[in-house]
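So that we are looking at the same thing, I have put the structure below in structure tokens.
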Amino acid sequence: MSLNNLNPHTSLQSTILHISHAQCQKGGEPLFAPINLRLERGEMAVISGRNGSGKTTLLEAVAGLGSFCEGGMEFDHPDSPDSWLQHSHYVGHFLGNKASLTCLENLNFAATMNGSSSHENQLSAALDQVGLGGYEYHHAGDLSAGQKKRLALSRLLILNKTYWLLDEPFVNLDVAGCDWLFECISHHINNGGAALLTAHDNKRIHEKADHLIHLERP
Amino acid sequence: MMTLLDMGKYNFFVWGSMALFGVMLAVDFISIHRQRKQLSRQIKSRQRRQQS
Amino acid sequence: MNKIVKFYHEMGSPPSFYRITGYWLKPFFVLALALTVYGLIDGLFFAPPDYQQGDSYRIMFVHVPAAWMSLFIYAIIGVCGLIAFVWRMKVAEAVMMASAPIGALFTALTLLTGMLWGKPMWGTYWDWDARMTSELILLFLYIGVMGIYSAYDDDPRKAARLAALVAIIGLINLPIIRYSVEWWTSIHQGASISLMGGNSGIKDWSMLRPLLVMALATKFYYLYSMLHRARNYLLRTEQNKSWVMRQLTEQ
Amino acid sequence: MGMKFWVLLQRDVLVAWRKKSNIYQPLVFQLLIVTMFPLGLGAGAQTLQKIAPAVVWILALISTLITLENIFKDDYEDGSLGLYVLSGLPLPVAVLAKAGAHWLTTGLPVILFAPVIAVLLHLPGYAYGVLMLSLLMATPIFSLLGTVGSALIMNLKNGGMLLSVLIMPLLAPVLIFGAGAVLETTLGNNPNGHLALLAGCFVLALTLAPLAAAAAIKVNLE
């Protein structure tokens, strides 16, 4: 699987994501001790913690689908301050594929919703890259768990967003998939992208991470 | 005295309404206090659990 | 002027709201009890019988105040819902969720006493009269608010905000319901002697006095019951705050 | 922004079209229930005719009510809610798109199917026009209020019952005006009063429901 036609990122202004002593809560109880993070382009942060420590809740809060009960986050971007949604994409535990739509339709929907061009060949090229070559007209519901994960990850290749928010991306992927994903993330980082992901059993990603956040009890 | 209480043939309806009024407000009154007692017991035991 | 502002600020913060309203509970209850006893005795024994309905109209002294209360309390729930939703005030959430049960109770009381009054007056326990129908729909509004709150009982803050939203939607909808139901009955069966409409015709002060006394009595009881539940609500939702423990150990 | 609105609407119609069940479900439900009325009331044309306006209307309302629950529930469960909530498309506009898609896939078939139910209940011929017109104005209201209800119970496992309790008071006036219009025509009077008020309710729902649903989604996502 070649990575050459990964579309280059937009102009390389310096953008920084600040998360300052943030805490999330579930049922009125704070889930983890306050955390701080300063994520710039070209960096990767990995969040780890035992099950139920609030990794997904934290990632959803950063993506904009949830909220912080303490502290908060700012995204300072030179020309448009509150454009976090334009610069980030979230692939969550619930992958976001519509079961009764085909892979192409799912991808096309995600692309148009985020305003990036969606030519047929570009979409199928992305599907090839994630190893879903022949599955363009296959219903997303009939795919295996790993293939569904790949379909969700293929969105990242189409929407050129600088900040990738991935919730346990390596789960359900086979060895080849993990290698490809590791390769793809590193390529994204080297090209001036940034990634914030949760993973707890993958040694390789922990070594590559610039920031390692472990969620402690509150 | 009895004539005073007699509401003509509407005894059942008038006294029924009054009884209903009394009973429902009493139920509300009792449920408040039961809720209160149960709540303070619950909080105190939680406090003891946290200190121990 | 700053006395009022200070009072407003104090009522806004849960611990001082809890402490201040603690003193008002006893007086409200005593007042409510006294007024009820006086109103009922006055209404049942001293008010003259109605020339048309004889003594059955005395149910009005319980039915009409309850009906007024059911509407009055929903208006309060709607306003508190608006405050709680826009300014996220904990005390407004407490007052809203504390008023809902007592409001539903008064609505149910109105429906039941209305049926008991309907039997002697119309000959049937239930008649789809304009006021009774909108009272029944009001009961659904109350059940809606309480239902959405208890559905999300794992996260009290979110449950309160959703209940506030449902209360606001209900408040906007209330006049529409009353108007459409009024309009609907006026087409089908002409203006029957509606239960609540009857009292506006009362000229006799000795009939009106017990009614107003009872209306006041139910208001005081509402305040007592609501403040009590609001304090319980604050205890429950602020459990891990320090002031809760202090308050409990004092009493 | 308009493009995103159409894409979301298109996707929803496509999903509904692929999974034909929620297009047929209301129609089969109506047929199922309408056959019970003659069995219960006897097949006399007079009795059926008297209740026809109300029954046709109530069946249309209830059959749409049961499909309202999963307007947002499906999207919440498979995660695609995040795609359009985080896409920069204003939430009320997204809600409008969802309501429009739901209306196209369930409201329209209910309107087209209503005459069939009316024939089964001996509704007089001259009332069909007003029936279709009143349903044309009412079914969008069902969809719009449905988005509010569905957004409120989005992450509940068994919220269907609660949705009906929340929506019923809002639908009461719509039912009064809608069924009233059809009833008036069967009695030979002029239904314009009812239809005008129904149109009023429609405009109210069109403007307020998206705001309420958007607020409910924000609260539910927090």
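Assorted remarks:
Think of it as A, B, C and D in the order they're written, each chain with its own count starting at 1.
We adopt the following convention: a residue touches a chain if its C-beta (ideal position, glycine included) is under 8 Å from a C-beta of that chain, and two chains touch if they have at least 3 such contacts.
Computed from a predicted model, the values in this text were never measured in an experiment.
Ranked by separation of Cα centres from subunit C, the top chain is A. Of the two interfaces, A-D and A-C, the higher number of touching C-beta pairs belongs to A-D.
Chain nearest the geometric middle of the protein is D, using mean C-alpha positions.
Between the Cα centres of subunit A and subunit D there is a gap of 37 Å. The mean-CA centres of subunit A and subunit C are about 50 angstrom from one another, to the nearest whole unit. One inter-chain figure worth recording: subunit A and subunit B are separated by 56 Å, centre to centre, where each centre is the mean of the chain's CA atoms. The centroid of the Cα atoms in subunit C and the matching centroid in subunit D are 32 Å apart. In subunit D, the residues that reach two or more other chains under the touch definition are 222. Contact of a single residue of subunit C with at least two other chains is seen at no position. All chain pairs that touch, listed by label, are A-C, A-D, B-C, C-D. Against subunit C, in their complex, subunit D makes its touches with residues 148, 152-153, 156, 159, 162, 165-166, 168-170, 172-173, 176-177, 180, 197, 201, 204, 208, 212, 215-216, 219-220, 222. Across the complex, subunit C is touched by residues 26-28 of subunit A. Residues of subunit D touching subunit A in their complex: 3-4, 7-8, 11, 14-15, 18-19, 77-80, 82-89, 221-222. Touching subunit B in their complex are the following residues of subunit C: 40, 44-45, 49, 54-56, 58-59, 62-63, 66, 101-102, 105, 108-109, 112-113, 116-117, 119-120, 221, 225, 228-229, 232, 235-236, 239, 244-245, 248. Within the complex formed with subunit D, the subunit C residues making contact are 85, 137, 140-141, 143-144, 147-148, 151-152, 158, 161-162, 165-166, 169-170, 172-173, 176-177, 179-181, 183-184, 187.
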